[in-house]
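One chain, chain A, links the two complexes that follow: it is found with chain B in the first and with chain C in the second.
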Partner chain A sequence: MLTVHEIDVFIQASHILRRVSLEVGAREVVCLVGRNGAGKSTTLRTIMGYLRPRSGRVELRGQPIQGRRTHEIAALGLGWAPEDSGIFTDLTVAENIEIATWTRRGGRPAAERLDLAYGVFPVLRRYMTRKGPEMSGGERKMLSIARALALDPEMLLLDEPFEGLSPTIIPSVSDGIAQITRLGHAVLLAESNIHHVPEYTTRLYVIERGEIVFAGTLDDAWRDATVLRIIGGTR
Partner chain B sequence: MQVVFGVQKIFNLACGSFYALGAYVGVSAVGWYAAAGGPPALFIVPLALAGLAVGAVGVVIERGLLSFVYERDETFQLLLTFAVVLMMEDAIRLTWGTAPRSTAGLYLAYGQTQLLGATVPVYNLVVIAASLAIALAIGWLLTRTTFGRIVRATADNREMAAALGVDLRRVYAKVFTLGTALGTLGGALVIPATAAMSEMGIELIVEAFAVVVIGGLGSMRGAFVGALVVGILRSFAISIYPELEMLLIYLIVIAVLVLRPRGLFGGAGV
Partner chain C sequence: MTGPLVVAAAVVAIALAPLVASTYHVLLMLPFMAYAVVLLGLNLLLGYAGLVSFGHALFIGIGAYTGAFLTSHFKIRSLEVILIAAAALGALVAAPVGALCVRYVKIYFGMLTLAFGMVFYTFVLKFYRLTGGDEGTPFLRPSLLGRSLEAMPKTDYLVGPYYYYSLGVVVVATLCMWRIVHSPFGLCLKTIRDNPAKAETLGIGVTRFRFHAFVISAVYAAVGGALLGPPIGNVDPTLAYWTHSGNIVFMTLLGGFTSFFGPVVGAFVFIYLQNWVMSVVPYWRLIFGAILAAIVIFAPGGLLGLVRPGRAAVRAAGRRGAGAPPAESRP
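Presenting the complex of A and B:
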């Protein structure tokens, strides 16, 4: 579905990503794990077209997408939930979610897409007329993911969906993501702590200083001393 | 101006020039209309149409110039739009000459009326009503339509809007054109009450900046209050001691900048 092939990304003069490659198959859940500043967000932002790789390829269903504009990449079927949630604070919860159905037409009808989005995080229905500033961090994360889902994408990119959340709210966000994968969407998820990586993860990549240093299953990662040193964190 | 700045985060000094351009085109349109023998009572129709139509230059300037500086520093934007101001001013002088132009006699075509003991030309009331209608229409557009919600989302977070499939360039072009058309329409509508002068663009910019600084960037409520403050202060100063007129406004601007750098209604998010 999505192939990132040996991309090098520079931000001004600094070399941020070095020959990063990764792959996400249809219906797979792939985690990109690394410390803060290792290059997780840069990888996802490059896939979304905010940054241009100096070399290498990004392909969606075999079609190169590097260098295309962000709204075109979204229209090709990538849903994006950034680390800071990116909620439109001036709009209500309902308007935030509906935007995706106005900009990308075709595919499933709008009502069905909205039902899907609210179905994953039913708690959002209660806040429909609320605006961004009145929401908690967990609710913002949920809204951000639900909004990306309303775009009816084949694949979701989630940048640290559990970051900064209280332990009591993490399970409901995690359950929502599990439900999204059961609906058939592929997911690429960035995470800084291996303890937050969901058990249903198909594959896991570890990134350190802009380079992929490990690729394998979650079980393999737990047995790898280097991986645990980098992202073991503390419970 | 508030809407355009909020969405594009670009300083555009050229709005004053659009205002002047609208004024001149309005004068010419009304001139042709009168020469063609149209009834004087309807002169506001060609005036408004001319004002709106010339708003189309907004498309040309946005596509041809501004779209290259969205990612650049604000200084570049200021310089570029100031260049546009100067060029338009000269273009206006070349086309219409340096002498002020006015729509002779049409100001009072609608007669006068008594309001709160003062004699007021009916045309002023027409312009006030038109301004209110435009303000309401813009409010409706921004809060009740799909396009308006997309515009507000883009103003809030353009990266995120793009990730949700919003074509930023199209939104910028539409908003800029709308802003230009409002500027030229405004210029055309005030012209019967005053005269078109090539310097009116710069004069308006100074005043608009005072309004925006007092009100706070990107806040419609602030713009409204700022406009009231500037308007009241000016008439107040003129009636007491005319030489103080602009000085008083600058003093208020300085006071606001020192005491409330974000303006009276400027949010933290600007």
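Presenting the complex of A and C:
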């Protein structure tokens, strides 16, 4: 589905990502784990086309997408739920979700996509006429993911979906994500806390100072001393 | 829903005005209706897409000169033809201008539109043989719906058939713009105003949407500009001068760009206030400058913004009581 091959990314003069490679297959759930500032968001933002790799390739279904515009990449079927949620606060919850059914045509009909989005986070149905400022951080996060889902993407990029959420709301967000993976969407999830990595994760990459230092299953990661030193102690 | 009732009452009041108000005040309604069309378009750009143009007098000028040229040089008097030609020319000029301007935002967008406006102003001022320079070009009395009306006294024509024709244009323009801003296109513009970077992640081509908004607003400005011509009877370069662009931005702020009808209310208040202040003191710009400063500081939502928070609070209270919130929050 998605292949990132040895990308080097610079932000001005700083070398942020060094030969980062990762792979997400169809229906796979892949986690990119690392500390704050390790390069998780930069990797995701590069995939979404906000940043251009200086070298390396990003391919979606075998088609190179590095250097393309963000809206084109989204239209190719990559849904994105950013770290700061990025919901449109002037719009109602319903409008936030509906908009994605218009911007990417084809695929499933709009009504079906809306059912899917609300089906994953049923609580949003109760807030349909609310606007951004009236929502909690957890609700914004759910809306952000639901909106990305309404785009009917083949794959979702979720940037720290549990970041800054109260422990009471984390279960409903993680249930929603589990449901999304059961629907057959590929997922690339960035996370700073290995305790938040879902157990059904297909593969896990650990990123440290802009380099991938580990790739393997969650069980292997728990047995790896280096991995635990980097990300195990953040509970 | 009180919104539609208020709008319907306003239309009825405008329609009845010639029967009750003095001719002088009825004549003032003509520029108001022309500006209403201009501002509906300008607000698509300012209020919905978040781009402030300081060059829309360019398109008002295009519309007005189109009418003046067609009636003076080409013997075409039909106002329907004039309005369609104005809209087409407005779009034709807006396409290249907009394509350049919408690549920039904020002050850069504003300055670029200002620059294009000044180029056009200088053009109509200096090409004397074509445009009549500072003397302008006469806008001869147009025929309405195929009826010449040449024999009518000028005032009777303006407060009668032309008045209702303008009202018809305003109503149609309003309905079209209402459809536009409540369509997916309008919603996409709002997401772009909110956060262009995030709008991109939903597959919205930000530049393309801004461009379309620019062209639509230019078409509205040109149609409104053409409507401005007949009451004056002569089109001169001051219509295209940058202070005119400033005036329409002022009208928008005065009424409130955060609501659909705010700019229209702003145009109404601007025209009658200007008329009154000018009759009292010669320094109307001084007074208007103070008003503009007060609006920006104390009422950033404009005149309609002063009315709406109260209504929103009432609605919120109703929402908590009833449990079922109302569907539409913008009037």
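Basically, the second predicted complex is superposed on the first by the 233 of 235 C-alpha atoms of A that agree within 3 Å, B and C clash if a C-alpha of one lies under 4 Å from a C-alpha of the other, contacts with A are read in each partner's own complex, and residues count from 1 in each chain.
The rule is simple: contacts are C-beta pairs under 8 Å (C-beta built on N, C-alpha and C of every residue); 3 or more make two chains touch, one makes a residue touch a chain.
From a predicted model like this one, the values you see are computed outputs, not experimental measurements.
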Clash-or-fit label for the pair chain B, chain C on chain A: clash
Between chain B (first) and chain C (second), which does A:D224 come into contact with in this model arrangement: first, second, both, or neither? neither
Between chain B (first) and chain C (second), which does A:E163 come into contact with in this model arrangement: first, second, both, or neither? neither
Mind working out whether A:T129 is in touch with chain B, chain C, both or neither, as first, second, both or neither? second
Which superposed partner A:D8 touches (first chain B, second chain C, both, neither): neither
Have a look at where A:E59 lands relative to chain B and chain C in the superposition and call it first, second, both or neither. neither
Chain B and chain C footprints on chain A, overlapping residues: 48, 50, 69-71, 74-75, 80, 82, 86, 88-91, 95, 98-100, 102-104, 147-148, 151
State the interface residues of chain B toward chain A in the complex, per the touch definition above. 146, 149-150, 152-153, 155-157, 159-168, 269
Which residues of chain C touch chain A once you look at their complex with the stated criterion? 184, 187-188, 190-191, 193-195, 197-206, 325-327, 329
Using the touch definition up top, name the residues of chain A that touch chain C in the complex. 48, 50, 69-72, 74-75, 80, 82, 86-92, 95, 98-100, 102-104, 129-131, 147-148, 151
Inside the complex, what are the residues of chain A that reach chain B? 48, 50, 69-71, 74-75, 80, 82, 86, 88-91, 95-96, 98-100, 102-104, 147-148, 151
